[in-house]
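You will see chain A twice below: alongside chain B first, and alongside chain C after that.
After this line comes the complex of A and B, so read on.
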């Protein structure tokens, strides 16, 4: 899994949707796009900011929502490094329909009930459903049986809302680097697990970070879920994709 | 308790508490304790310096590992397509009844566990089962009942095997294999099963420079036999040129494609040739580390393969200064898998060989740049490596004269299903579907699944289709489905297989596979609509464009191929007025009653439906 990306000073020129941009060798297409104010949707890849407490960008390559066409072939923008002369298609009808389909699949795979969710309004999945104008999914629901874990004193873990992106698996670790979250089983039985012993002793800051990096409402910091009222949440103000470059860091790593 | 803790420590210590050897550690723990419990996972985590989550991730990924105890005798019964054609249901019922526990559970006394498992490479002798790593073939309900009786009486598995089946042909009867598995070599061709003398290829190889070896492989136009068909010479060259202090050669013997068993026979009968091929590759790319990734289902071949490796070391064909060539050092170890189809994908195989979940890696980097433990690595199929050794011995021209322009040489096919002569056929590329059907004695073929579920489902009437990379590529499976079969039942089995075997990592594959399976099932139950057909095509296109690895790209093939080549099968299942979603009031009431546990509605209340 390419978790971190090394960049060099070599400058690469490529185009995204016809716009010529420059990027550093070693950057991914996603990073290059972000740096140039071009929006490519993501659910698993996450740019490191002061706010989310990440030390470097993560790109598990699991959600596939950032699929773009590179010289005619579909590739994940978050894991494909830029190369000289790449012609990237991103905001096209075909690709946006692919993305919409993935959003629909994620909705029917889990049990998402937006009106009652603490993350409503700041949930990336919900925001993407709005962006791609999903009315009702064209697929039938799986009605999968998923467990809720409310044992830990600081975190509520609701698997119904989990999209298995693995941000938590990669990002939330103990000081000595051990994973607090893991990925269990495979196929339609796949899921995220919590190391309950380790999660019990999670700090306030880490609990906050865990809720923050979760793109949906699967990881909720107990007793803080409704601190920000509806209407004042992230995507209540501006739809997803309208602010490409992170304002806190201006696209720079903190 | 402390004894138990010590036992785990000893196992971890045997592998130097190396987290990269976690899979070996877990396999040994599973063998000894019949499970890897949470407590054991916590202890192992400390021993090898990982977190509990790390260990759990790996344990829960593999079919042959378990967190709850499996039986003292654990039966893994193949429920793949050929097994179903040969009577899986009856055999499963017999095992289950005689043992007194349902499939996928363990008897109360913990003695016998029965688990359905994906294809285990015995397509020519189904129904097959693995009982504590020993293979049992050609099972019938009577044999199943007799085996359960033996287990209840405490017979050893090896004794059970010799009691019910004589040893198979060829090397299967060697003491180090001692298995009832048969080779069924129906047609031996000139390359993989052709004349061969131990050590000749490797001794010739070291008289050439690595560049000359590469040039020979390139000139032969050999392409990978695992399915993708990447030019072997180019792959080796990429690895040879990749920067790095150490390089690696990995042989992919994970053949998990239902209906494929050619590697099993090659490993049994041509291990020397194939290992020589690995060494030839090592010489060409400058590798010093070698690993054979052997699927867990083939553990019964391990001892034999280790013996062959020992013999090669004794003959200076492995180890230091191989074949007298100063500085040519290379050795091979056997890495067992633990039951997972996706591990046949090269980058997933590397993850697995490093002790992790067998999930495909994000690429780039490609294995040739950064593979096993970050070394530039060549991963090749068993058949590819065996062919490479023959090319060095007999020449590129000899090889490229066979086959077709773009597909030189021969292909080893595993033919199974509805035919008189199932088994192994080594044929030249370009052979047609019709010729193969005749050779195998297929009386009434309806369809042929070429290359397993991820390959293509052809209408048997398309007799002129050539088997080649440019025609119809095949990784080796050739499953014949007779006219009397319900083809969509087999397709259903394939889709269930992909749903189980998807690593679950990327969303479009994880959700796409079960969605396709469910939609097909609905259609088969007569509840499908035309919209479902469209939605299956749309979903397939999304999977082919967005999934991370080949499993997701190819998982829609069975459905797409049958929709294209057998449209009448779907037409017959879609109700005429399927443009209107039918609402069956009585059926809905019954379902609702069942859900809340009310008394069912009396049958006579059935009314005329809209």
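After this line comes the complex of A and C, so read on.
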């Protein structure tokens, strides 16, 4: 599991879905794919952009939605470094069905009531459900009992929607580097805890960044809501992944 | 060929899905050419006079009457379609699933600003005629087998119309990206 990824100048050649691409040694399969405009879905991994304020890509490897087949074995694209001659399968019926299953499991495991969520329309989990045409999860809803923390003046933390991706833990820090969120417990008791003292004093920009980095509606900035009309939200018109990806290069494919 | 018969029901829902269905506007006239109507709140027919081909179910199950109605639909209809967020995942009513029923009832009938004064004897509804609340609100497919799902709160009128005409005419439903939304 890498938080930051070191790359070198050595060039590696691999194929993704039959397309030959080149990548720098040390890059992950996901980074190589993004550089070449190939879409691999992510929920936990996040590419550093000006918009999200990250200095380097993060890849916690928690959600496994980026699962690809490397030389016939399933691997997480966000944590597997490229190697010479890799044959990667990505956009296949089998893998997309597996990804759809992961989305369905996430939907039944938390309490994702989209109509009441401010992130609806801009939520990555919901957008992946649209992309894989999930009309209804195949599994029973757990209706888990989860706490909502609305104490902080700037942030609402709704654990009902948390998918434990760990983005907030890795990416959201105070100016002097203190973590605002942390992981607690293990297995099915895992959860995210919030440092209430630190969160109380965050700036408006940081609250906005926290909401932006959360792929679902678990972290919501308070006092300003539902400001994008239906039809103009992030995934209203086009499915997630339909844009070509590399956002650090001003939207160019490179 | 005999026209298929459509039935509809609203269980623990807000009738928004039925309203969205009526939002197909004048296309309802095209639909009337294609189908007969059976039991439905739209025509106020209350019993199954004959078995139906397609049933649209709005809402999940929050009391024993809903369970009874849903099982009755399963018995009398060939294809059951779960329409909307509540039918598919319990929706807004399911937000009570982690709150004890006693607490829900007290909040609704005793403690709100509008009921605290109006109910001085602090009576919770207890008539034997009233359906009994279930421990939780259940999505329809956890009670009976459902055949299709149309998500949305409510599902877009275009989605309902597209899916229904496809079912009736035996074609594959066209589901463009814009019509499948969960909100």
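Miscellaneous remarks
As a convention for this text, the second predicted complex is superposed on the first by the 244 of 254 C-alpha atoms of A that agree within 3 Å, B and C clash if a C-alpha of one lies under 4 Å from a C-alpha of the other, contacts with A are read in each partner's own complex, and residues count from 1 in each chain.
Here, a contact is a pair of C-beta atoms (placed from the backbone, for glycine too) under 8 Å apart; a residue touches a chain by one contact, two chains touch by 3 or more.
As the structure is a computational prediction, the values presented were derived from the model and not from experiment.
Judged by the touch definition given at the top, the superposed model places A:62 against chain B, while chain C stays out of reach. Judged by the touch definition given at the top, the superposed model places A:133 against chain C, while chain B stays out of reach. Once the two structures are superposed, chain B and chain C can be ranked by residues of chain A touched, with B on top.
In the superposed pair of complexes, A:39 makes contact with neither chain B nor chain C.
When the shared chain is aligned, chain B comes close enough to touch A:163, but chain C does not. Overlaid on A, the two complexes show chain B and chain C touching the same residues of chain A, namely 140.
Residue ranges of chain B in contact with chain A, taken from their complex: 50-54, 56-57, 60-61, 340, 342, 357, 359, 361-364, 499-508, 510-515, 518-519, 535, 538-539, 542, 545-548. Per the touch definition, chain A reaches chain C in the complex via residues 107, 111, 113-117, 120-121, 126, 129-130, 133, 135-137, 140-141, 143-146, 236-239.
Across the interface of their complex, chain B is touched by residues 1-2, 59-65, 67, 74, 76, 79-81, 98, 101-102, 105-106, 108-109, 138-140, 142, 163-166, 169, 174, 178-190, 193, 195, 197-198 of chain A. By the touch criterion given at the top, residues 82, 85, 88-92, 94-95, 97-98, 136, 139, 141-142, 146, 148-151, 153, 175, 177-178, 180-183 of chain C touch chain A in their complex.
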